[in-house]
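Labels run A, B, C, D, E and F following the written order; every chain starts at residue 1.
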Amino acid sequence: MSRLPSISAFDGNTAGWGFLLCTDKSARTGRTGEPFLALTLADATGELAGRLFDNVDRFADQFEAGEFVKVQGRAQVFNGRMQFAVESIRRVMTAADSQDRRDGFREDLLLASAPRPADQMWADLEALIAGIVSVPLRRLLSEMTSAHEAALRVWPAARAVHHAYRGGLLEHVLSMAEAGRMLARHYGADADLVVAGAVLHDIGKLEELDYQATSTTYTRDGNLVGHITLGAVMVDQACRAIPGFPDTLQSHVLHLIASHHGERELGSPVEPLSLEAFILSSVDDLDARVNQIRRAIDVDVSPDEFTRYHARLGRVLWKGDKA
Amino acid sequence: MSRLPSISAFDGNTAGWGFLLCTDKSARTGRTGEPFLALTLADATGELAGRLFDNVDRFADQFEAGEFVKVQGRAQVFNGRMQFAVESIRRVMTAADSQDRRDGFREDLLLASAPRPADQMWADLEALIAGIVSVPLRRLLSEMTSAHEAALRVWPAARAVHHAYRGGLLEHVLSMAEAGRMLARHYGADADLVVAGAVLHDIGKLEELDYQATSTTYTRDGNLVGHITLGAVMVDQACRAIPGFPDTLQSHVLHLIASHHGERELGSPVEPLSLEAFILSSVDDLDARVNQIRRAIDVDVSPDEFTRYHARLGRVLWKGDKA
Amino acid sequence: MSRLPSISAFDGNTAGWGFLLCTDKSARTGRTGEPFLALTLADATGELAGRLFDNVDRFADQFEAGEFVKVQGRAQVFNGRMQFAVESIRRVMTAADSQDRRDGFREDLLLASAPRPADQMWADLEALIAGIVSVPLRRLLSEMTSAHEAALRVWPAARAVHHAYRGGLLEHVLSMAEAGRMLARHYGADADLVVAGAVLHDIGKLEELDYQATSTTYTRDGNLVGHITLGAVMVDQACRAIPGFPDTLQSHVLHLIASHHGERELGSPVEPLSLEAFILSSVDDLDARVNQIRRAIDVDVSPDEFTRYHARLGRVLWKGDKA
Amino acid sequence: MSRLPSISAFDGNTAGWGFLLCTDKSARTGRTGEPFLALTLADATGELAGRLFDNVDRFADQFEAGEFVKVQGRAQVFNGRMQFAVESIRRVMTAADSQDRRDGFREDLLLASAPRPADQMWADLEALIAGIVSVPLRRLLSEMTSAHEAALRVWPAARAVHHAYRGGLLEHVLSMAEAGRMLARHYGADADLVVAGAVLHDIGKLEELDYQATSTTYTRDGNLVGHITLGAVMVDQACRAIPGFPDTLQSHVLHLIASHHGERELGSPVEPLSLEAFILSSVDDLDARVNQIRRAIDVDVSPDEFTRYHARLGRVLWKGDKA
Amino acid sequence: MSRLPSISAFDGNTAGWGFLLCTDKSARTGRTGEPFLALTLADATGELAGRLFDNVDRFADQFEAGEFVKVQGRAQVFNGRMQFAVESIRRVMTAADSQDRRDGFREDLLLASAPRPADQMWADLEALIAGIVSVPLRRLLSEMTSAHEAALRVWPAARAVHHAYRGGLLEHVLSMAEAGRMLARHYGADADLVVAGAVLHDIGKLEELDYQATSTTYTRDGNLVGHITLGAVMVDQACRAIPGFPDTLQSHVLHLIASHHGERELGSPVEPLSLEAFILSSVDDLDARVNQIRRAIDVDVSPDEFTRYHARLGRVLWKGDKA
Amino acid sequence: MSRLPSISAFDGNTAGWGFLLCTDKSARTGRTGEPFLALTLADATGELAGRLFDNVDRFADQFEAGEFVKVQGRAQVFNGRMQFAVESIRRVMTAADSQDRRDGFREDLLLASAPRPADQMWADLEALIAGIVSVPLRRLLSEMTSAHEAALRVWPAARAVHHAYRGGLLEHVLSMAEAGRMLARHYGADADLVVAGAVLHDIGKLEELDYQATSTTYTRDGNLVGHITLGAVMVDQACRAIPGFPDTLQSHVLHLIASHHGERELGSPVEPLSLEAFILSSVDDLDARVNQIRRAIDVDVSPDEFTRYHARLGRVLWKGDKA
């Protein structure tokens, strides 16, 4: 029996066994009364629906949603969508010396994540902060990022819209900081502040979202308070804890966080009033859009020159030379 | 020489002397080259433009903007607007035993303020808080209001839109709390929370606005951060300082503050998600509108049945039986 | 064979017989050519889809959509939604002494309706009207409600959005009147007028909607003219029929009806211009939202702290302590 | 002393005597204390500001706002706007055999009005109605227009926006009816209904506006109820008074009135749902715009190819070959 | 075996053989693993889904999407939608003397198209252009339409919204030209220009859309540049190629094209500034709406008086007497 | 008599003589009948109102609007605005050897212009184009800029909003190109295309605006067609004139021009669909805003920390450390 390829490489003839992540599992009853299991299976390259029709009793207790699984089956196209007909399934044995590991199971192959390794991104972040000229600002960034290192290394930037995968927040922050620094220098703005704004603007997402390897959900405070206010509270506390942190600087950093969505309709309680705040909100918007565009073009496998209609951007996108 | 009436009672024949507040003063040159002083004069009932054409040199140093003044002159209608032609003017002597005080000078007669005395309103606030059933919520309100008593007694609710006078914030808070408590009981919502939301929803205005007896301006943080975020930071700190303050309660209180404008376009970073938050934002909107409507009808002295066009509300208002 | 519980208590193992309302019935052909019946079945607590696959010919003529039925079958979960597999079905015998009645058939158990009995609500309405001080206003309300008593006792407030069940209009009117009266007194507005506005604001819905026990649809005039204009015409006629009804009062009552949606975009041809009209439209909005929020929280049976996304309100709702 | 030309022909050198309408008069005091009169003077071709500085006491009682006056004076350009310096002024003697009449005074020369005489327009309206095929519709139009003939002959279509002059409503109605009939035939719609809609769509303006020869103001019901609802009430009554008036026809006529603004944001409580309603609202919009465009181009006397910015239309207009 | 009727006449009992257009074909696998073909079949009167379950191997190569086919099968209602169960299918032999032609195959019966024949419409277009008084304008229209005759005879006006069928663009242009000419005369505008605007306003659609008998798609330039800019480029070139074409006229024609959507939000980079441009955009909007309304009413076969909710128009439509 | 400073350095005591540009001149009559001249006077640093009351006859013919003038007079503050009371004025003698030149008259000191000299900017532009890798794109840019060099060196980017001074267009283009190139490299987009888009995006402004040293006005085509369509036509022609210019490249360049405002509401007939188009419209928006922000902060001479309300940006701006 052959080994399954990555999900992005599945076609209607794919069959075999492999390791996947089960992100959803529900017991259902077919029209003729027989029970079956409806699953969602994922790896780092994508996800697809799974169905288990035979021997449901035997397999139903062998795994739960949120677990890595070893599956065997074959792909089918049903109503125009890919589906995986599961023949057998059980949870992976994750012990370091398990047979499954010897057979090639690795968590990182099954979790979608930023293209660059967390260690590389973290080194970039440290270099970026080390390059800050302002002493209090450098200290603020250093303390905030140290205090939250574990989460910052893995957090997604969002549940669904952009950079919605492991390490996406850090990828987004670094890209914004680099682009923002260039624009700040170009326009004679304070590059330190734009970099600080990039690093801190979404820090409230650490409290807004609850990220688990296999799911990202909104927390209670995420829904009730939102990442902008949560981030302002976090940074306000951190500033107060630094003796002699200049009042004006604190106000400016809070302004960068509060105004980074650029408009009230987009959730910012105040609009950008400083050159740095304008640059930051412009770069945040552009960076998020570029990520969405790239992703929309990457996942579109049709031979057409344009992607399907992108509901969030409200348009088709041009694939250009890729087509 | 007769004593001037309240400004709201001026007409084109008013003349005499009186005590007023000078809120603006600028030296100008007329078309024919002569210097004159352009003033804004106010009392508790309104304000009007003043002009001093004669003996400018003699009076120019006798007072500054922001001071109480003793003036003599006569009202004129110029281009359809009331104007006061000043004949003499000097600052008031405010010592307790000054002649001006013996002549009837009293600061409170010259400052626009809420209809009820601050002491009465403060007693109502204390009674309101004493009626809160939830122990941590009562403690939070008690500590927040005690810590800010001096400001809360005099702060306006806004620079211009509604309750924009001494004590206006407290008047607005009490009115909202009373109406909100009735609605909470009617709809089976938690009245404690609605009252707490009413008391705390605009607490950030204490940092957003800089209130002086003679002027209200936005602070740096008022412009850069805004009262919603400032208030959330203040309340978050206060909650953390109360041992054992329940997490869920803290989230709900922050939610009430963050969502009280009801919509993102109106500056709330999150929208109401709980019954209490819906009631609070509805009452806040209604209370502010009622204040605007009353004021628009009160200041309209025309014999017409409808007021002039009210730019902020975008309509004329019906004066009904008052006409 | 066991008796079926209320629909809200169904789960995937429910089976047995019971009385339900069939609100939709259509004959279809399955993919393999066999005919089947697709049904919608309802009681006072909810509704669910039904399917009859066997003996279609035998049961097809035993009932029609819009009739009460006696059914037997078992619940299934299909594609994540509950479905009832019908094994036998026939119309209920509704004669007063029928066997079905002896077996417990009661129409009121099968029709969704306001929580309080119509008689109680009607008594409240009469007391409310009796409390109106203005003689012409009291007479207007008394005559309008008497003339439409039969409909007012049973009408829903809407086809779908809020209070969309038997007696919903009266429930909405009474709740608005009570809340409106409190606010009117609080704000020094004319409570008689706010109460009158609450009673009459949706009177045009009696002509806009066609309510049958088993369905609510828009009438021709409902679509072409709308309840605001229809209500204005009805009330205008009623006022003219009362000798000496004051002109200004008539104008104000028509204004309350015409402006109660608060904004043009929401269908009001004029916006509120009086204190009473502002209060009325604020209370109408709040009362409708509270009903939507309660319902959304009631029907959400998930263990999550927040409801699913509510498309009409454009957000999730917090279930708070209920969770 | 020469005779003044029409106001539209005034320039900075115009001087002499003539007959005008005084639409506004207020007594004011100049900066140096002297009293003067500020006036608005008008004829059929336009209006301009007037000032009387000398002999105020002598002329102040010789006329009132709303009266026709005989004036003498000279035009000046002040701050870029034309102004008329009045030297003498008194009310016109309007008796049939007065000297003023012998000197050429005629009311119609002083009142802005539709380009065609009321008699001609009325004859057109009667012909239009006579051409209606539907008997009940013809009767409805005939009765409504007869009942309101006096007002319909002189009413303006609006206070300010379009057709805001004597006879403007009738001009607008006739133009819409003719254009609407052509479009109805072109698109296979019911021409009778479109013509009826044109005649009746603004009938509520007779109650919304109070038209006097010298002023147009909103009535109480105009502000509180609005012409769409007022018109629906009027037409509903008229239909009921015609025995056997078909229900469906009545619904359609009310629909044409209620939906003629085309969108809720523009004040229509319902949107067009029939071919005839779409045509009517399209023609109403076009006819009003054409009137605004023509007027904007007519009054623009600059040598430029484009008019000034037109605030209501939000753009400049191209004068084309006229330039 | 009986002959199939037109698709618009299908009901649940229809069975037989006939000629149709296959516009979509995809191979799928059913839940139980068997392959089947999912098809879309169309004729001039509509389209419906097809399924081929048996002998898939035998028929799969007998036709492709985009070909005319001879099919045999029977209609079924599945989940409330009509479906055609195909028993046999093969491509049509389109040779002039083929047996299929002798059996009645005709392309035009299978392609949705404008109600009037292209030759008639073309003759109307030529007459319309011949009636243009302005020599350069007549030459411009004559040359543009000659150069694009082949496409103009068959092009649809849009991919989906209105006049989305063979000849729809020409039908739309002629209808607009006729209505626009009437309105131009009625309002004293330049009828030549309105007619020219009608003929040329959508000329860019010839480059925006790629029309094949069996499909309409957006071209690369259609997506990237859009028909307004493409049309402006085409007409600008054509004007330059006509010696002595007046500058002002060229500007006006380009203005008519650029402004014909009436508002920026609707895709016009400039808004109408001339009487002719206002008329043209009004007529374009009305003509497109009328076509949508007619179609919505035509395709609605329910017995109800109103159509289903029309998502693009955002409302139901009244079928009136048709019901 | 002292020499006047730059206008930006005027205060209420400024008096003397100097060279200025008269951009507006109109003859008026004061209230008391005396004629006077109302002027607008400007230099490279700003503009102010001028008034000439004495010897009007003597000076009236000595100069016209649009001429450089030698003036003598003194500044006054009138109604809070600076005004210059002119005592004598005549046109400058601009001959190379005139006395005025010897006294220091230089055109460039009187015309607002970009901070860097045109020659420097032009050299940067040439270097930028030389750095383009794509041969056809480099040729297109080279030919377009050569053909329009004279205008491109001096054109403003707008009449009023941003970069509204001599050389402003080139300044804007170069700034955008540099920032756009950086972002393109950062995001892996085609830098050649973003640079080309920056150079060509506003090329239509050369036809939209009529720039004279002393005024910028909209042309007929500027109003009727707009710079986006005009630019597309220009670039389309230029591409066609280059043999072998790739179709796809031409489409992309036209797309960059057509979509550069980013949204339809802002005047772009199509929205960005490629990565390069997203970057270009983002940079265009940011560059224009930065210019507006800088200018607003530069011209605000108050001691406050925030600027006055900026109507176009809809907010105050923070001057930060500048204050």
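The criterion applied here is as follows: a contact is a pair of C-beta atoms (placed from the backbone, for glycine too) under 8 Å apart; a residue touches a chain by one contact, two chains touch by 3 or more.
What you are looking at is a predicted structure, and each value in this text was computed from that prediction instead of being measured.
Note on connectivity: the fewest chain-to-chain touch steps from subunit A to subunit E number 1.
Counted as hops between touching chains, the shortest connection from subunit B to subunit F is 1. When the partners of subunit D are compared with those of subunit F, the chains appearing in both lists are B, E. Of all chains, the one whose mean C-alpha position sits at the greatest distance from that of subunit C is F. Centre-to-centre separation between subunit A and subunit F, using Cα means, comes to 44 Å.
For the pair subunit C and subunit F, the distance between C-alpha centroids works out to 62 Å. One simple way to say how far apart two chains are is to compare their mean CA positions; for subunit E and subunit F this gives 46 Å.
Chain contacts: subunit F has residues 220, 223-224, 248, 252, 255, 273-274, 306, 316, 318 touching two or more partner chains. Those chain pairs judged to touch are A-B, A-C, A-E, A-F, B-C, B-D, B-F, C-D, C-E, D-E, D-F, E-F.
If you check the complex, the residues on subunit E that touch subunit D are 175, 178-179, 182-183, 186-187, 248, 252, 255, 271, 273-275, 278-279, 282, 285-286, 289-290, 293-294, 306, 314-318, 320-321.
Residue ranges of subunit D in contact with subunit B, taken from their complex: 26-31, 33, 38, 218, 220, 223-224.
Residues 220-221, 223-226, 228-229, 232-233, 236-237, 248, 251-252, 254-255, 258, 264-270, 273-274 of subunit B touch subunit A in their complex. Touching subunit E in their complex are the following residues of subunit A: 12, 51, 53, 76-80, 85, 305-306, 316, 318.
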